[in-house]
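Shown below is the structure under consideration.
Just so it is clear, A, B, C and D label the chains in written order, and each chain counts residues from 1 on its own.
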């Protein structure tokens, strides 16, 4: 359990912000009561372990607002340097965006347009492949309140919400007493499909511990059973590590459910098969609608990655990996996505907002990023901010700044900040860069 | 010293609300509004636009389109293959880049509507839970004043208060919900049917008097009670209805019954073309037009208005809050399918489709739409729309205008469609040709009046200075495709198709009074079933930028 | 001795908390520099908590990392797990197979005990 | 014949969309030198990146040098012939409707993306998504022939509607996935999940040890299909090296994918 920071001895008045929103993960819980004492968050009622660290970890700090080549500088100097880097580049990228407000995201895409660059978000290394699967076969889904009110068979596939979305069970998928599931957990069957017996798996009624990298074969077995296609039991056991009889039992339960739900994670998108793993799962959910109502939902990771999808889509027409070198948007995952433009050595400058590619990207991509000038906006010091040409320390969205975020089910939620911050907001820094870029490009 | 005046001189003006049918006159503008001609003769306008020989009309008003919000954005995301091949919207010094296809990106939507001379548009179907999403998209949709209709026909609180026969509570809830979302009027889509879809596979209602399980109400009651509540609240625009059984052969019976359900309450029936079909259950070769029977009822009942929802041949993307319809269409066209149910409020379905002039059904849908325009007696109560993009894109309005104004063009097109159209609809015998005055009514003055917007759709003093100037041309498609100039709030925003000034435009919303004691009731229900907190649901005024509250004086 | 395994990087709640507390602080650094190994595999390879091993991918990318036994039966034999961060990223190739997503889970690796 | 020797040294993408035999055929050398290519987000005259010589009238173009970073070579071409004496970048011959392209080195991803006619012959290796549909498309390649002498990556012939595609070496995962119809033949080993969700058409896996097929495919018979003999001879006539043992081998015919329409067939060489 993360421990709250020690409060000052003299009792100064504490203020409480009710129904504040935590933006650490895609649950975007908006029922957090925050206690603030002399500009410190001292309590975050109902926040999970990740939420508490999020609120306590973003206390005020005295780091400089802006560093150029690691040396303190004014924000104005930083903006000037950033604008020059971006306007001189021939293949600049704007990347990240999943942990800032939609208002700031809209300016970041405007910058990408003005510098004829490529705009991409952390979606491309998260549920981007599920977005590509959606573009192939479509998707049957719903908002989380529908799951809470109707879901009676809940399947968690290739994900570990107990550790990545700790309140998902209690707030949305397993525990809530709903209109058509009045007894809550007792009215539901919980099923886990994963390669590890995680904390999530232990909370399930049924657990399918499949062979590593066999998600596609498991989904294909279920798709075959849904269409009553005869399959060879030995091959099913060989391919998935699970007997055909158990898959048949699961399919019978799926057909008998009133409202089936599949919530799936990185196990599908980051493993061999990637977008075609997701496509198999989306197709299964669609097929099931011939028998009963069935929905599916990718468990989005960051607080506003869904907002990034929405903003980039309504402004350019495409969800991520959007190249604007030609003066109009072009889309092609695997070509304009950041893992590729960096690993292939194509990008020659970058604007990185609220993300940490120097920690999470492939080795060739990190080596390229290290070798090109880039600007980083982040409330915290990270490996990315450390080797940035220009690093801005910005206020934290949801803790210091208001704005709009989109939960994993596209529901927009407004942020009510708890603390002021000495640092500029992402929106302010990006707007200044955008103004200067537009002038330089005239 | 600038006089602040802007004069449009010597244009051939059409202003049907003031009975001006092609008179040559000047129009004076100041501070974004149309003003009386100044009595002091030596006042010089700062700027004059010579409109001699040109047609001058109010800015276009699209009262039913799908241009913003969760399902529109999902449809954008879902069609990269169409956007890759469609026209490119290239960035300029003062405009943003964008993409087209059946669902353009937001900036492109604003520029293209303005390029046709449209200055006001209403999105037809928004779940209130997603209102903020629409407000954010509207801010990135330039050149248009905008608003949206709030989905209520399958709202649980609405259905429960109708079941418990509490019309006052229903009225207060509707007023509260419109204020919370900053919307314009209630939108009822396949009432009851979407809720059954949420409960059962391929679930739907098939008639007005079918019971909606768990809520024990009927579609007829939902329509009747909401229509009455809207009239009692004196909202500027009536309830906006997408009737049950859209697209089903033989659905004209439901449509006629639905019209009667309104009694003498005001009612607007959206994309009426999709609801005017004769024929047996799913039996294609009996599919035929029932416009003659339905238009007779509408001609005789002045409380009812319709927009047509014209079908154009070619590829498009259907998107509807009618969840079960989306599933039906995607299976019929074997296409990819998106469906998303919003808790307590509505559903939605998206499916790419193609209308082909070789198909009997599609050709009849096309003909049925034109029949509605040509058989409706009162142009003030039949409105131009393609239910963009369900029947086709708003970019097709100029082509529809030519079909209505030019009989020979219409006859030529008739030769290219499925021959069954000749005996199964009356289109071949209709010789009516619309006048410019009537076109002005169905594309701006009529919808502005139906929406209750007193400062739109006309050129009298006090009107917003939204004006479009066309170069006369026998080829009506060309004439209406490329206006000479488009003026929004007194500023020339488009000339010869080039966007000069991409203004943002303002949000039009209503804030009807209501008995605030209902809020504790709503909060209790809300906290029990919704997945967000009640406090975080309403959109406060300061969330909006440019906005204008449209008063609820009603009629 | 060197044996073949399948490595799965992933999230953990400690790693999530560490992100908020600071990526150069102890909690995060400790979590992303510890490889979880199934108890049976630890025993067979004579590994104890804290011992160091060398993990190498098919394309020759390599990390040296401390090991710890996975709790109970959470991790099946033959599988390795690590909280994703700098070390797991060093093992990722740039190839995304035309999808934009590098293969970061289910990597074929060899593991050998470092003396 | 028009010769274009690539002389630039950049890692920023160079895009030569529109530089096709029919586009240059009627132009003078000076006009060709002014043809706009894109270097990242900058328009650059062709002459800055290529030494241009020869005569374009016969619609034959020769690219020399390492053009691995030059993309859209021959995209949407309808006639004429292009030879790349070296490596080529992405989208070689994308959406072409006619004409011939030879890449004598390796090509990158999307070779012949959504191709509608003509012939592409890569004498080295190709990347992923050879002859594939672009993301979201309901139809991929609709006609034409693609020959890859070396290896190819994943999703070869994805969502192909019609056409002929042959890979001499190995290919990656999901060869012929979502195949609507058409023929994809792989003469080396192939990755997993071949022909997933195939509806009709033919996928030939002639490598030494074929992968196990998805559970929704069923073996029907073993035979020597005559149509295959015709296709193999046709491939040889196009200059594609067909291993001799393939001509009269026995082939296991597997029908599927029964999760989709199930009227497709996978041919696996048995001896």
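FYI, a contact is a pair of C-beta atoms (placed from the backbone, for glycine too) under 8 Å apart; a residue touches a chain by one contact, two chains touch by 3 or more.
Everything numeric here is computed off the predicted structure, so don't read it as measured data.
Undergrad: Weigh C-D against A-B on C-beta contact pairs and write down the one with more.
TA: A-B
Undergrad: Please work out the Cα centroid separation of subunit C and subunit D, and write it as a whole number of Å.
TA: Going by mean C-alpha positions, subunit C sits 38 Å from subunit D.
Undergrad: Just curious, how far off is subunit B from subunit A if you go by their C-alpha centres, in Å?
TA: 35
Undergrad: Report the inter-chain centroid distance for subunit B and subunit D in whole angstrom, where each centroid is the mean of the CA atoms.
TA: 46
Undergrad: Let me have the rounded angstrom distance from the C-alpha centre of subunit B over to the C-alpha centre of subunit C, please.
TA: Their C-alpha centroids are separated by 56 Å.
Undergrad: Do you know which subunit B residues sit against two or more other chains?
TA: 78-81, 84, 335-336
Undergrad: Please set out, as single numbers or ranges, the residues of subunit C touching at least two other chains.
TA: Subunit C, residues with two or more chain partners: 97-98.
Undergrad: Which subunit A residues sit where two or more other chains touch them?
TA: 116, 132, 135-136, 272, 324, 326, 331, 333-335, 344
Undergrad: What chain-chain pairs meet the touch criterion?
TA: A-B, A-C, A-D, B-D, C-D
Undergrad: Quick check on the complex: what are the subunit B residues that touch subunit D?
TA: Checking each residue of subunit B against subunit D gives 78-82, 84, 335-336, 352.
Undergrad: For a test of understanding, state which residues of subunit A touch subunit C in their complex under the given definition.
TA: So the residues of subunit A touching subunit C come out as 2, 24-25, 49-50, 52-54, 56-58, 124-125, 128-129, 132, 160, 163-164, 166, 195-198, 209, 212-213, 266-267, 269-272, 274-275, 301, 320-321, 333-335, 337-340, 342-344, 356, 359-366, 380-383.
Undergrad: Would you tell me which residues of subunit B are touching subunit A in their complex?
TA: 68, 70, 73, 76-81, 83-84, 88-91, 93, 96-99, 101, 103-108, 129-133, 136-137, 140, 156, 197-203, 214, 327, 330, 335-344, 350-351, 529-533, 535-536, 543
Undergrad: Would you pull the subunit A residues touching subunit B in the complex into a rising list?
TA: 18-19, 21, 30-31, 102-103, 106, 110, 113-114, 116, 131, 134-146, 148-150, 171-172, 178-180, 258, 286, 289-293, 295, 309-311, 313-319, 324, 326-331, 404, 406-407, 410-414, 442
Undergrad: With touch defined as at the start, can you tell me which subunit A residues reach subunit D in the complex?
TA: Touching subunit D: residues 89-92, 115-117, 132, 135-136, 216-217, 220-221, 223-224, 227, 229-232, 235-236, 238-239, 272-273, 276, 280, 283, 324-326, 331-335, 344-346, 348 of subunit A.
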